[in-house]
Amino acid sequence: MNRLSTKLGRIELANPVTVASGTFGLESGDWYDLSRLGALVSKTITLEPRAGNQPPRLFETSGGLLNSIGLQNPGLEAFLRDELPLYAAVGPPLMVSFSAGTVDEFCRMVETMEKHEGIAGYEVNVSCPNVEREGMAFGTDAQVVYDLTRRLAALTQRELCVKLTPNVTDIVTIARAAQEGGATSLALINTLLGMAIDPETGHSRIARGVAGYSGPAIKPVAVACVWRVAQAVNIPILAMGGIAGWEDAVELIRAGACAVAVGTAAFVSPDLPVRVLDGLDAFLARKELTLAELVGTATF
Amino acid sequence: MNRLSTKLGRIELANPVTVASGTFGLESGDWYDLSRLGALVSKTITLEPRAGNQPPRLFETSGGLLNSIGLQNPGLEAFLRDELPLYAAVGPPLMVSFSAGTVDEFCRMVETMEKHEGIAGYEVNVSCPNVEREGMAFGTDAQVVYDLTRRLAALTQRELCVKLTPNVTDIVTIARAAQEGGATSLALINTLLGMAIDPETGHSRIARGVAGYSGPAIKPVAVACVWRVAQAVNIPILAMGGIAGWEDAVELIRAGACAVAVGTAAFVSPDLPVRVLDGLDAFLARKELTLAELVGTATF
Amino acid sequence: MPSESGYRAVCRVVRKLEHNEHYFTLWLRDATIARAVPGQFVMLQPQPQTDFSLRIPLCVHDVEDDTFAVLVRVVGQGTRRLAAVRPGDLLDVMGPLGNGFTLMAEGRALLVSGGIGYAPLRLLQRRLRPGCVTQWLHGGRTAADLFPADVLFCDEGVAARQGLVTDGLREALAASGGWDRVFACGPHAMLAACAGLCTEAGVPLEVSLEAYMACGIGVCHGCAVPAVTGGYMAVCKDGPVFNAQEVDWNE
Amino acid sequence: MPSESGYRAVCRVVRKLEHNEHYFTLWLRDATIARAVPGQFVMLQPQPQTDFSLRIPLCVHDVEDDTFAVLVRVVGQGTRRLAAVRPGDLLDVMGPLGNGFTLMAEGRALLVSGGIGYAPLRLLQRRLRPGCVTQWLHGGRTAADLFPADVLFCDEGVAARQGLVTDGLREALAASGGWDRVFACGPHAMLAACAGLCTEAGVPLEVSLEAYMACGIGVCHGCAVPAVTGGYMAVCKDGPVFNAQEVDWNE
């Protein structure tokens, strides 16, 4: 499977397929051999444990899913103690997704994680719409993203991937800021802002109101973001947003991604990541291309 | 049908249902009695005729539609001469949607239109890429929106509705700027940015690459935008984005809209606007509510 | 309880019973899933799937040899699509998932269901029977919501008593003889009422809860239910059966 | 030509012919649409529609009394869904839409089709026949793309000549006797080649074009095709039949 190998910044991946943070991760091991993935990505971890948002937290819409999990997680300490060893046992490089409320807290988390083996890189989640920071994600301000990335870059030699939100006027500006700050790769996209109301009762379908919107319905937005960012930066892109089959992965790779993550659609088919991988492999074989040759080949 | 009457800023509408600019308009008259609509909205008109973008201009995705029409239109003069009389003959108040590349050009268009009867108001389309802002839409900059709206408000006593793009970091800021500038209502949302690539060939499905994304897939985004803006402004909202049935209209009205426009889904069912209207009427009758009582009733 | 984590099978529909326009039962063949214990559920997806939609969580309603049944109430697009399934069709099923009810070896068990809450109690009743005395109270909003039970509650029809099933529960708890345990499934408000009554009466209550689900296996944290101890439990993984005292009914 | 603007009907499928796994013909009943002239098309939607998808534009392939036929090539989700339709099913149809081919009363007409481009020429050939001499050249990439015509072109199978249908057109135009008009439908590259050959030979060419469509009636400006005079024409309203000289083949 040499044709599938790829590089995400500082780390070499045997293949470009991974799982989107917060969706199926380690648990997918019940359905397929997890070691086949190119990389693993953890759920987003915060310094302290978080109970998450009030339910209902999920609602399905036509072609998509609204979620308002609110970063429920056991906190960094428990993660490092209980989950990290499980990831390490699987094999593929692990990217730990993490988030915080302040730049200092982001830094403290990296300092702690640097002391642990078994972490290949960080996915800096500056794009979660479900935690309060005056209603706005960290990742909507280019200056903040630049400052944060620069601080974090000084703390690690590991892969530093910044995960961007599409809920901005110009994702390219934010992407450039992350690159200039020292990000060695970018992940996009996190969820769109969405909402649904029960017409009959008027109740918001999600307790908190506005939620994160994912799934096949957001794929065109993801493709546009990846394409625009790929034109503007020279660090690799890990793409996600609506992948439901290998064709979607090809689309995002042609748009400029070096690796792809499967999220929402894996809830329906837990083995989707390996089916995407196998489909992509067969496609490359048929086209007599390597993955690297496919990256960014979209034309007009 | 008294329970359906509503107000869009300075104009009274017999009911809240209209058509989204650039989709089925006058031509729908072949399928139902156009005079049943609460208002009419023209395609976006520019000062000079525009040939539109190179084809292909359309692509269907799961639950949505990508379009890149490029504001093809006959220009203001031809519109006023050939189309305005047709609209006037129908009955419901006409909102003329128009766009321009500079603030001055916007103003000149209003000055010209002010000299013509049969126009109840303007839908200012600031959500198209333009020349003054290096390809970014006017509607992405609050200051620009404020200045433009203020200039236009000084020129007319007609309804001044500003149509906003969802492709911004914070639509609330833009909405407030329009209100402060003197907009008497807001229309939202215009299309999201989206793109699709043929996995097999790598060709962009749309000749120009990034396109406008509409249809049921964007409804959750529209509901979120309407809800957030409705919390922040006190001028009425005309909502659109993915309406495919009367339930969707109820959802947007509960989120805070006083009127709704049917767009993409009418391509499948040209009579959808009147079906939405009838469904909404039956709903209000069953709930023993007036439209005004339904507006903004979403709860958590 | 069989922990069939990661089990997923394409199952054939061997029988379909249409009870009325709102309810139907599907019998599916799969020996592994048919080993489910009362209270467990499956995540089911009509095959082939043309457009994206989540799996539908459904309780295991009954089992017979290598087949299992789901009792479905048609409420929206997914269940409507499922209603079109015909014997011979194939469905993609994950399961059995979640925990199960406490299987008492002996004693007196009261079963209380409302509407589609009937579904999981069927298998429970069958499994309890050998050593237990059971009574099953079932309530429905309309006559269409009624299924065979010991006492029915409904404001419609002649076969049922007027009133709510919780009225029946109150009476049963007050009557002499006493109950060792109550098992309940139904709308959230009904379960909250049951919890109040059982606490008062000092009888242990196990409830089967519903929540909107995406993964069904404890991954997405979507199916949260508030715990009395603070924080949330996952209906799919920590449940769907809970001791009523674990649940914060006030949130 | 009948301008049935605004006509829309729910039509019953009266017959279905499956030619091979890629092509099938549906016969539908509607007296108004059956008055279509050669070259017109319909916008068709499978009923009932569960999720959003645009209508499918299809040429009127043939008519018979109060029924009309569409010949469909399965290429994607919409046509695949249509392939599942059975006689007796209902389809929501808008049409007939667009203009039609010039119906010559007499003379020599050459019909040239590639693949699914066969569809609109069937009705044309039938309507031209009484007074005209016609010859129909049809090409296909594979044997599955072949349908009855006077001369077939294909690199597969024994019934057909090797090579492209445009090779046949070149020969036919060069042969003595001459042609009064050529009618062509097929892939864009084939039509562009036809346009070149006919211009050279000085024979008028009418082409039936395809474009991605949303409305089908000239509203959305989606189906643009570049005009030699600059700007764009709407395939649905200004066409789908165009004089080849109107079209800018270079863009």
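The letters A, B, C and D name the chains in turn, as written, and every chain counts its residues from 1.
Here is the rule we go by: a residue touches a chain if its C-beta (ideal position, glycine included) is under 8 Å from a C-beta of that chain, and two chains touch if they have at least 3 such contacts.
Quantities reported herein were computed from a predicted structural model and do not represent experimental measurements.
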{"item": "Chain located farthest away, centre of subunit A as origin (C-alpha)", "value": "D"}
{"item": "Pair sharing more residue contacts (C-beta pairs) when B-C is set against B-D", "value": "B-D"}
{"item": "Length of the line joining the C-alpha centres of subunit C and subunit D, rounded to whole Å", "value": "56"}
{"item": "Cα-centroid distance, subunit B relative to subunit C, in whole angstrom", "value": "46"}
{"item": "Centroid distance [mean C-alpha coordinates] between subunit B and subunit A, Å", "value": "33"}
{"item": "Chain centre separation in whole Å, for subunit D relative to subunit B (CA means)", "value": "36"}
{"item": "Junction residues of subunit D, two or more chains touched", "value": "51-52"}
{"item": "Junction residues of subunit A - those touching two or more other chains", "value": "62-64, 216-217"}
{"item": "Sites on subunit A touched by subunit C in the complex", "value": "22-25, 27, 29-31, 51-60, 62-65, 67, 69, 72, 215-217, 244, 264-265, 267-268, 270"}
{"item": "Parts of subunit A lying in touch with subunit B, wherever the complex brings them together", "value": "61-64, 66, 136, 140, 167-170, 192-197, 199, 202-204, 207-210, 213, 216-221, 223-225, 227-228, 247-248, 250-251, 254-255, 283, 297-300"}
{"item": "Complex contact set, residues of subunit C against subunit A", "value": "5-6, 8, 45, 49, 51-55, 94, 211-215, 217-226, 230-232, 251"}
{"item": "In the complex with subunit C, residue positions of subunit B that touch it", "value": "62-63"}
{"item": "Subunit B-facing residues of subunit C, complex", "value": "51-52"}
